[in-house]
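First chain written, first letter: the chains are A, B, C, D and E, and each begins at residue 1.
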């Protein structure tokens, strides 16, 4: 099969699964069969994706296929199709791989759900996989946007999967609105781009840029708008607020959507349109700086979280900042690499955390502790993930983080570089903190934990998870190690930039310092956590309060937007409609008033006739 | 030989026939039977039907008395209209429950026929004296007919008001005619147009005064004030006729005096008439809104309709004139029909108030539907006659580029629809207090259905009617 | 100043005076009598305009017939109500304004009309001509007038007759 | 006397009559005002007729007088009818129908 | 001439109405079946029409001609072009769904169905008429039955008479169904008065010989005449299309109307207004349209944002949907005001999209109301557990209304935005996009409030059933179509585009 057919196949299988599950209510309500269908579809997609990648890496030119979607007088306005090049095919593998693993994992993770909800879950998943692949394979920005939005909807639906929980419903809404706010920018950018370039096709655009036929006037606005979209999806400061809340969704969802795939779509978009951004260095600079700020602030906030998923969520935000900084520095390749590795190890971390939560029935780290003995497998893979994230050599995160840091420095973004470096330390610190608190340290609040122990009988599996959950964990862990080992020791890709020699040692030192710091604080308790807290009190308060961004947004939503809406609603009812009612009332009153001249006295009638006569004569006096 | 003797009077055939009918009706009153019956009514009806048949056979042409009586197309058209409306009214009267119509039927029908005679002659009159006398012949029996139910506490009042305002108006009218005569020295109507063209101030003054007089007859604001009181007081089938036929006669007079042969000199009336039309439409509609009595409501809405007819006059064109005639025919069916429905409900409920119409659709669907159709026609809704009527009027004045007036007319239609809809809501939406069907006398029902058929047929297929009115109107220009 | 002018002015002053009394008199009965005077004065004007026949008709029909009927009516109603009818006026200001306005307009037209043609000589016997034309040219209105009078009479008796 | 003199006289009479019909409260009084107006009209007719040298206006007057008589008879009959029912001949009091 | 397919589509509801009135008295099943058969016939034939339409030749097809009033040049002349084609299909779909959504009308069901079908004959007729006059006649048929439909079967809401105009509110009875019905009817008739005057002005200016659209289209009218006639058309039809500030009949009317009537009215009748502006305003008075495009667009922008904000502030579910119509109709008007190919395509496509989605919304609101007897958004909660089907459909409708890709709403809005940016007034893009964003806020907020979150503790809201039986028909049909047109917009856009381009060429804004 040629790569296009394969790609389409990969794309359509989950879509078909979604339609089948969605439309055939009995199938959906049966639960497990639906899940198997979905998994089969996505697994086949994975195979197709791998084959596509193989075929694509052999071809020099990107492979593109397109069909008309929207008509226009002078040729089609928009097309749909696939664009297969190394980037998209790699990304495709990541998406399908993580999706497959997560779906398998979910079989066990959600086995308590009623069958109907189970079916619904897999329907959403299939839709998500389809949409995400649509984003990845999209040959033009419009299709990308279409799938982009669908991805957002899936995220909304899956965050709100447990919609009975008010928090989940609220978080879903918040995620949708925040990303939508960014998407408004993306939409505007796409619309603007059409007038400027007359096409949305990525290859054509690239061609135009290379040929110098694309006007640069106004391009800055367009790239900025595109970046806004990426900002929302990839949770860049200040639109990152939705991602931590999104952890209300089931943990596998967080692993797939809010760690590995969807949130990286923003980075992917920027990678795809890198050539456009290069035309507008100011915007690129902005991307870099905001990336750095995001990375640092999110890392700080991650440090003060007590919820294991929240830590991972902020960590994701922070890592997305890393990727963005690299893109902003002008080296999208580095960002993309980090995207891939991060996808693997962050999914691993989330799934690991999920296994823990599944066992403990709590997200709070103080409910955990000393779990290494009970769940050695989970602890192992989680530690692999942590080391990856901390950028320890021979793990997946190491090489990509080096690349990002190097790229940032090479791009001349010194400020963001410092932030990233600080962030690297903090990353290692908070991740290690999680590891120590969850797996090694004694339970922080024994009483509290005891409260749970008697539940053990009910939940049964307070040990390592069954195969369906462990399998995916191990696959990801192995992938993280393989990638790490391969890229650290065997494969030194020629970087597009030259990084100074001191960079690697410094970065690794930062990571190790973080691990050590965490060890001292949370395992041996040599350093008192309270002391740390009081030393960094102002930052801590700010971090705990999420830098008051949520409050700000809430204020804007409640006291500005809704209040304004109420004002408009009131105006419509009592002024606009009011005027109409007044006119109507006046008409009625006018009838009443006029009726009074009908006095019933014939003298008045005669008077009216005479007066009318006079009026007629006066009117006509000019001609008389 | 006989044929030769009668031949010269042929153009007067209808009038002579009507005169004979009057004679019969009157003499039936002299030999009053011991048990009152409605025989005179039936005789009058049959006579009218025969005359109507004859009228539809008459072809235009022929004149008498040196052209002062002329049977032109307009006259024939008008005569048919008058006869049909009178026949419907008489038919509906046969369903009246009051025994006064049986006891004094001879006087009543004689008066109707006398007034009708006035209208018939009026439509042919081309000479001022004849015009005036026939105008008065039309009017005076109307006063009588208004007060016919003299035992009713309000009938006399309605008649008196009608009479007093009417006689003042007719004095003004006559004063105007005197100036017209004075300006020309002749009573021939054809001379008026010539005098107008020469710019005679007397003829203009005369026409202004005359307009006030006619304004009373057609009930244009501010000469309309007798209308609601009179309509409320008088017997409903008569009001149905009163609301249509004399108005039509007034417009015939307007055509004769102001438009016939006048050409472009008639344009001098346009601002005055359009202003009057606007005021009439607005005031009529506004005053109809707060009415609680359906007859009064219809009276005011009738005033508003006069405004639309005046709009047609303001167009000063053959099409405008023709469309007035069309409007009159549509109005004949619509308004008479509506009044007859009021009669049907009123005789059952002994009330003409809106409340009497509650749930009529569930009590008597046919009656309610007929009334709805009439109201829609009056409101100018498509597929019933009134729509075409309004449309044609608007078209005529838009032809003259009077967009503002058209818009006022169109917007006022909305106000009119308001109160028509309020009445419809009573019929269709509310629950009846008394679920019994409304008893309707057979003749009345026939009359209502006739009107309904007229309204619907005109609405569905206006083409022949349009052709007829245009034939009648073209002679004037 | 010839006789015609003198007669005109005398009649005019008398007419206007009696007319004013008709509309201003407090006593309805007096009003009627003043109206009779005005009608007779009008007959005088007719005669001054060489319409003797009309003058006669005016006196006979109007002053004779109408006034009698009115007086009769007043008497009847007074008898019914058992007291003298007096009458007051209202809307005097409005009435005056309208009446004066109309008068001014009409007078203005008369002034501007330039109608003052010479008074032609009488050539034929007007009365005779009227008689002939009533039965020829104006036969139809004449007939209609008959119907009208009949209808009016019927109506008047119908209304005036007490309840049967 | 010129025609305009007659016409002016008629106009004055007409206006007085008009004033009368407006201001009179008694129905009979209103009728008297109408009579005055018609009288003025008749003067107009006769004067025009005379000055035009035609009898048409006089014929008109003749008809007018006759019709007036019929009218006034009818009117007075109505007044009597109303008087019988309402015990008043004051026009302003006859106002049951209004609004 | 062949089979008069357009006439059959147009009149089959009417005939059903007659049959219902004549034969189905007090037999509710027969009433419903007749209604469904009549509307199904229209639907089937509309689909057939779509496929038989020659998409390559485009232009007006399926001509039917019958002289009506030849002396005035009035003829019964039916034909459809691309726009008419898709809008006929839309009408048929909504009517079909509506006849199922009225299944539960209990009182006087016979009259209800008859009036509903009568109304749809009017709508079909408008979209198929080439003769302006017949167009107007059908237009009136489409408007008038609304009065009775709302006043008899409607529901009375609650509006507090407050503010400085409180007295007027009391005087006219704001909030009652009678008020809503009256306001709607009179407002729309007022609009039709403007239309009539404008139409007659063109007719006379063209020599009073023909009311045919094709004939009038060839006439080059005086620019000044065009200028005000366009305004008349704009205001006249705009009232029905809900342009600010003449939109206030819409919330009250739609909120008071029974389900199927709201569906048909918001779904199709409002399109009639926009279609009228586009067909008559742009088609016959192109210079006027070009001259006034700035006004149309500016008011459309107000509509979009203002409608969305108003919707956000409502507490009554039906009012939210009604105001969202006001906002979405702004998109329709904005699209045409751009005078660009994409804009007008978007405008017509939005007519379809909004028709379907608002039909869906009203059907769902009707169901929710039928089961929960409440439209108070903030009293309901957690319904998704009990009525998963309804809540899913509602969410899909909501997604379409906020312009989510893969639903019809996206294509429409996107095209409109493209058009807006390419028009002479590119700033229109901003309110347009902002409106879409606001829509996402109020729609999802409502979805969350009613269907998600903790279950309401109100005892009335326990054990509410999901949709069942025939109730599914309307929902499923509409949802499927909404998605179908979103995924394959070409189905509709093809014919639309072939009609838009010649218009723009004629208007001189496109080569």
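Definition applied: a residue touches a chain if its C-beta (ideal position, glycine included) is under 8 Å from a C-beta of that chain, and two chains touch if they have at least 3 such contacts.
Note that this is a predicted model, so its numbers are computed, not measured.
J.: Which chains make contact with chain A and with chain E at once?
T.: Chains touching both chain A and chain E: B.
J.: When every step has to jump to a touching chain, what is the lowest number of steps that links chain C to chain E?
T.: So the least number of steps between the two chains is 2.
J.: Could you find the two chains linked by the most C-beta contact pairs?
T.: That would be the chain pair C-D.
J.: Would you kindly say which chain has the C-alpha centre located farthest from the C-alpha centre of chain A?
T.: C
J.: From the Cα centroids, identify the chain that ends up most central relative to all protein Cα atoms.
T.: Looking at where each chain's C-alpha mean falls, the closest to the middle is E.
J.: Which whole number of Å gives the spacing of the CA centres of chain B and chain E?
T.: Roughly 43 Å separates the two chain centres.
J.: Return the distance between the CA-based centres of chain A and chain C, expressed in whole Å.
T.: The answer is 102 Å.
J.: I'd like the Å distance between the centres of chain D and chain E, where a centre is the mean of that chain's Cα atoms.
T.: The separation of the two C-alpha centroids amounts to 64 Å.
J.: If you average the CA atoms of chain C and of chain D, how far apart do the two points sit, in angstrom?
T.: Each chain reduced to its C-alpha mean, chain C and chain D end up 7 Å apart.
J.: Hunt down the residues of chain E that sit against at least two other chains at once, touch-wise.
T.: As it turns out, chain E has no residue touching two or more other chains.
J.: Got the chain C residues that touch at least 2 other chains?
T.: As it turns out, chain C has residues touching two or more other chains at 90-91, 94-95, 98-99, 102, 105-106, 109, 112-113, 115, 138, 141, 145, 148, 151-152, 155, 158-159.
J.: Note the residues in chain D that touch 2 or more other chains, in rising order.
T.: 7, 14, 17-18, 21-25, 27, 30-31, 33, 47, 49, 52-53, 59, 63, 67, 70-71, 74, 78-79, 81, 91-92, 94, 96-99
J.: Name the touching chain pairs, please: which are they?
T.: Those chain pairs which touch are A-B, A-C, A-D, A-E, B-C, B-D, B-E, C-D.
J.: If you look only at chain A, which of its residues touch chain E in the complex?
T.: 68-73, 77, 116, 142, 145-150, 153, 156, 160, 163-166, 169-170, 172-173, 176-177, 180-181, 184, 187-188, 191-192, 194-195, 561-562, 564-570, 572-582, 584-586, 588-589
J.: In the complex, go through chain C and note every residue touching chain A.
T.: It comes out as residues 90-91, 94-95, 98-99, 101-102, 105-106, 108-109, 112.
J.: Once bound in the complex, which stretches of chain D touch chain A?
T.: 18, 21-25, 27, 30, 91-92, 94-99
J.: Which of the residues in chain C come into contact with chain D in the complex?
T.: 4-5, 8, 12, 15-16, 19-20, 22-23, 28, 31-32, 35, 38-39, 42, 45-46, 48-51, 53-54, 57-58, 61-62, 65-66, 69-70, 72-74, 76-77, 80-81, 85, 87-92, 94-96, 98-100, 102-103, 106-107, 110-111, 113, 115-117, 119-120, 123, 126, 129-130, 133-134, 138, 141, 145, 148-149, 151-153, 155-160, 162
J.: Sort out for me which residues of chain D touch chain C in the complex.
T.: Touch list, chain D to chain C: 1-9, 11-20, 22-26, 28-29, 31-33, 35-36, 39, 42-43, 46-47, 49-53, 55, 58-59, 61-63, 65-74, 76-81, 83-84, 87-90, 92.
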